[in-house]
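Shared chain: chain A. Partners: chain B in the first complex, chain C in the second.
The block that comes next holds the complex of A and B.
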């Protein structure tokens, strides 16, 4: 496959933090002699961790969607909204642009992240050599858009802080938004634990 | 790195130091396990929290918002409408309601549900808060333990919630009047309760009205309390003027029930729950002593009963005794005459003490105390029913039962059913008959011919008078003139200086003299009767002077006068 030798093949190991290259002496708990951070050829247990976190994120994503995230009280009219019902309400009440933004940020992005990470994990674990460059780009995209999924959480936090007019208008956060925030955070961590170099590793280099 | 590629490889490169063992990577699985546990706990929580799902049918889904409309009991949310759909026959809507676990007890047989919406009625305004917050479904739970999941929602909020302090009573009335669910109950014009429900009795002949009186005022409902319909305006015209009696304006419009204890001694123990009462039409009848058992009697009148209406009073010696319930016409084949059969319901107990004594008397005689027996006695003593005029202006009749000692004896059948009371023509009827008689007689007078004759006579008279004017009067005038002349001459003749008068005076003097001499003669003859035979004796001269007259006295007077 690749004519160039890999660091592993040369018995070398690079520090992830300071970049120092060391000899790979095959001890289980090696640390960088310069900066003291853990040394490993690939991120430690990347598949396991990413899988675990992805699953956790998925588990949290279900209540995040099922439970209401926000309660709006306006002149005695109490309205609990889940993410999806909020989007529908926005759409129905004449703000389709906003609805699309929220839909993208709260539904499309997390779901895409699940699929993208899942795809990366499965293809890498199988040592597939299919579209390696594109998969690498996909990984960068996942890392990039991760931050923007917090939109809903921010909206709820802002509204809760701003709209406190007692009887006339009031916004309260509901448990759903906690789960949604957890989902976003955990997917971000999951994408961080994934080592993109695994995309180019063959079956032989399975960590 | 260009010069020495090899030496760097092994010797120069630093060796990694050995660190303390790091956390086992598999511990990361704790995160998804935790997440799963959290998710699972949510599911279990939701599952535990989820109560029964019930369906409630309403006439309209107005205000029902799936997923939003709450079900509240005492303003606590106990569930939520999850879906609203049409019933299979499309006549109603069915709302699916997910009750909370804690509200499981609401899915029982006698729970009632209704939609709380803003309502504006004659009795007031309710549910204003739902104007802003949207409608919700109210619930009221009962005692039942029997599970049920299909409910029929009430269209109006129930007036009495379960467990409210107070008592329910049942009123029986002939008709509902203007009462409705929620109509107020008044005690001394203070609202103390309301009508909670009503229904027709199974025989369809009366109406049962359930009322609820709030505590603590339910203690004023005693065993002898009287209820009456306080709806509308009670106008009465009595000897003391016009009286208008109402409860409150709301009652006038929306109807209501009032109650009070009757005056005088009565049983004042508070009534039991669900005690039954009669709902009277007005306060007057309500306060009257109880009527006792009604009896149906029948009366047959031979004259017209115009003015006798159903509900006209039946009075016994002036005491209201009952009322007329039917007026029918009957035909007798034998006499070929129509008669009016009047049916009436009478309440002997209304006679008060008289009735008690009559009963006691009947018992002491060993008679049956039934009314027919007593009536028989009374009829023997001349009890008759009469139709009398109650109001001369309108000609309204009432039935009066009075003792008419002169009434002809009639056969009274005490066993007849219904009891038939003999009747007598009313006083007014007699008067009418007599009037009719008089009118008939007056009609028989031949006013026509009398008038004609009179007319002829008058014409005759006219003619006569004309004749008198033309013929008789001039004659009369001349006659009168003649008479005047005659009188004039008579006057002349009678005047003092007329010769006739002179003569008459002389004659009268002569006559006077003659009379004197006649007296002398009689005196002489009295003294000397023999002179008639022997003639006059010579007397002394002075005496003789008086009777110069001779014997025949009859022809003497004209000669007797002294010359």
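The block that comes next holds the complex of A and C.
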């Protein structure tokens, strides 16, 4: 027998929510006897949903970067900042180390997520056996770092609440920040709907 | 008793882990289970610590800015209300959920479940509490907010006088507790507890 048997081969299903190992009774809407959550071998319509969410996130990501996220008004002087110009300002005037952190959270992580999820979707749909372990690790990395992208959104919220000196200095949020917040939420949902077990399923499985 | 790897569906026989041991999947290298030095009582103590820190982090101001002798300070809710008023309601809702409602919900549910788990019992509503905990798990972002505060302080420091308030230290403590909790899989409580009267 295969030294590393998979749940499907043994007629088993692991509950996503509580981890209970159940026998696959092959009925359409089976529920976990322990926690009551729906039991399924793979997350439902994983490819379709993840693709749809990834595309939606990408469409929000464009205005998130093009539109300014924050306006600073001081003594009649108006200055609008996009994500990138905010990072440059931090680099030039303040601390390059923090600029690198913000750059990583706001630019590198979202772009990495688009590429990583795109790569995982395409390779799994083709049933590719290439670098399966590494692809598994890539997925866990995406899941782990995803929510740190919310960093810039919280920075804008804090500065808006703090910099309220009327005529002398005032900070307002601009639409870019809303698009960016939505991008982060949608990419998080996208990585949750992707089922990493598909990486190992090969060609015979297209849900 | 079996383990099924969540990341690749490989099935293993369970075994007892030694102190500090981590079981990894031989196929995909994901973590199957780890040994927890911290028992139910230890977890309960951590949750209570987190609750106290969270309370302080929310009532005390986080930072104060000064310009020409004028001082302005804010709390988390100050930020949320301000974003709502400044036409960024979406951001206000995201912040309220990920920084307030979900973290507090997580702590209360976990505290409730652990309170009973000390005696190996399942609390009333155990099932719902555990399922809810699973779903809100990835949506708490207090640690990101702490880093965000740091960035905001550095940015504001270019133009204003900045005074750090006790709130930020409470957030620091909260961040430490969250990190300590990060490796604990609370789903273990399903195996540690029995239905009452069963």
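Throughout what follows, the second predicted complex is superposed on the first by the 188 of 207 C-alpha atoms of A that agree within 3 Å, B and C clash if a C-alpha of one lies under 4 Å from a C-alpha of the other, contacts with A are read in each partner's own complex, and residues count from 1 in each chain.
Heads up, the rule we're going with is that contacts are C-beta pairs under 8 Å (C-beta built on N, C-alpha and C of every residue); 3 or more make two chains touch, one makes a residue touch a chain.
Just so it is clear, the structure is predicted and the values come from calculations on it, not from any experiment.
Trainee: Quick one: is A:108 in contact with chain B, with chain C, with both, or with neither? Answer first, second, both or neither.
Mentor: Neither: A:108 stays clear of chain B and chain C.
Trainee: Have a look and say if chain B or chain C is in touch with more residues of chain A.
Mentor: Between chain B and chain C, the winner on chain A residue contacts is C.
Trainee: With both complexes overlaid on chain A, does A:122 touch chain B (first), chain C (second), both or neither?
Mentor: A:122 contacts neither chain B nor chain C.
Trainee: Taking the superposition on A as described, I'd like to know which of chain B and chain C A:60 touches: first, second, both or neither.
Mentor: first
Trainee: Return first, second, both or neither, reflecting whether A:92 touches chain B, chain C, both chains, or no partner chain.
Mentor: neither
Trainee: Which holds for A:10: it touches chain B only (first), chain C only (second), both, or neither?
Mentor: In the superposition, A:10 contacts both chain B and chain C.
Trainee: Considering only touches as defined above, state whether A:131 meets chain B (first), chain C (second), both or neither.
Mentor: neither
Trainee: After superposition on the shared chain, which partner residues are touched by A:186: those of chain B (first), chain C (second), both, or neither?
Mentor: A:186: touches chain B, not chain C.
Trainee: Check whether A:23 is in contact with chain B, with chain C, with both or with neither, and answer first, second, both or neither.
Mentor: first
Trainee: Show which residues of chain A both chain B and chain C reach, each in its own complex.
Mentor: The overlap between the chain B and chain C interfaces on chain A comprises residues 10, 12, 20-21, 34, 36, 182.
Trainee: Chain B touches which residues of chain A in the complex?
Mentor: 10-13, 20-25, 27-34, 36, 38-39, 44-45, 48-49, 52-53, 55-60, 62-63, 67, 75-79, 85, 179, 182, 186
Trainee: Would you pull the chain B residues touching chain A in the complex into a rising list?
Mentor: 9-10, 13-22, 25-26, 28-29, 31-32, 34-36, 38-39, 42, 67-68, 129, 132-134
Trainee: Which bits of chain C are touching chain A when the two form their complex?
Mentor: Touching chain A from chain C are residues 1-4, 6-11, 26-30, 62-63, 65, 67-68, 70, 72-74, 78-83, 86-88, 90-92, 94-95, 98-99, 127, 130-131, 134, 138-139, 141, 144-145, 147-152, 154-160, 187, 190.
Trainee: Quick one: in the complex, what on chain A touches chain C?
Mentor: 4-8, 10, 12, 14, 16-21, 34-37, 74, 86, 89-90, 93-95, 98, 101-102, 105, 132-133, 136-137, 139-140, 143, 147-148, 150-165, 168-169, 172-173, 177-178, 181-182, 185, 188, 192, 196-197, 199-200
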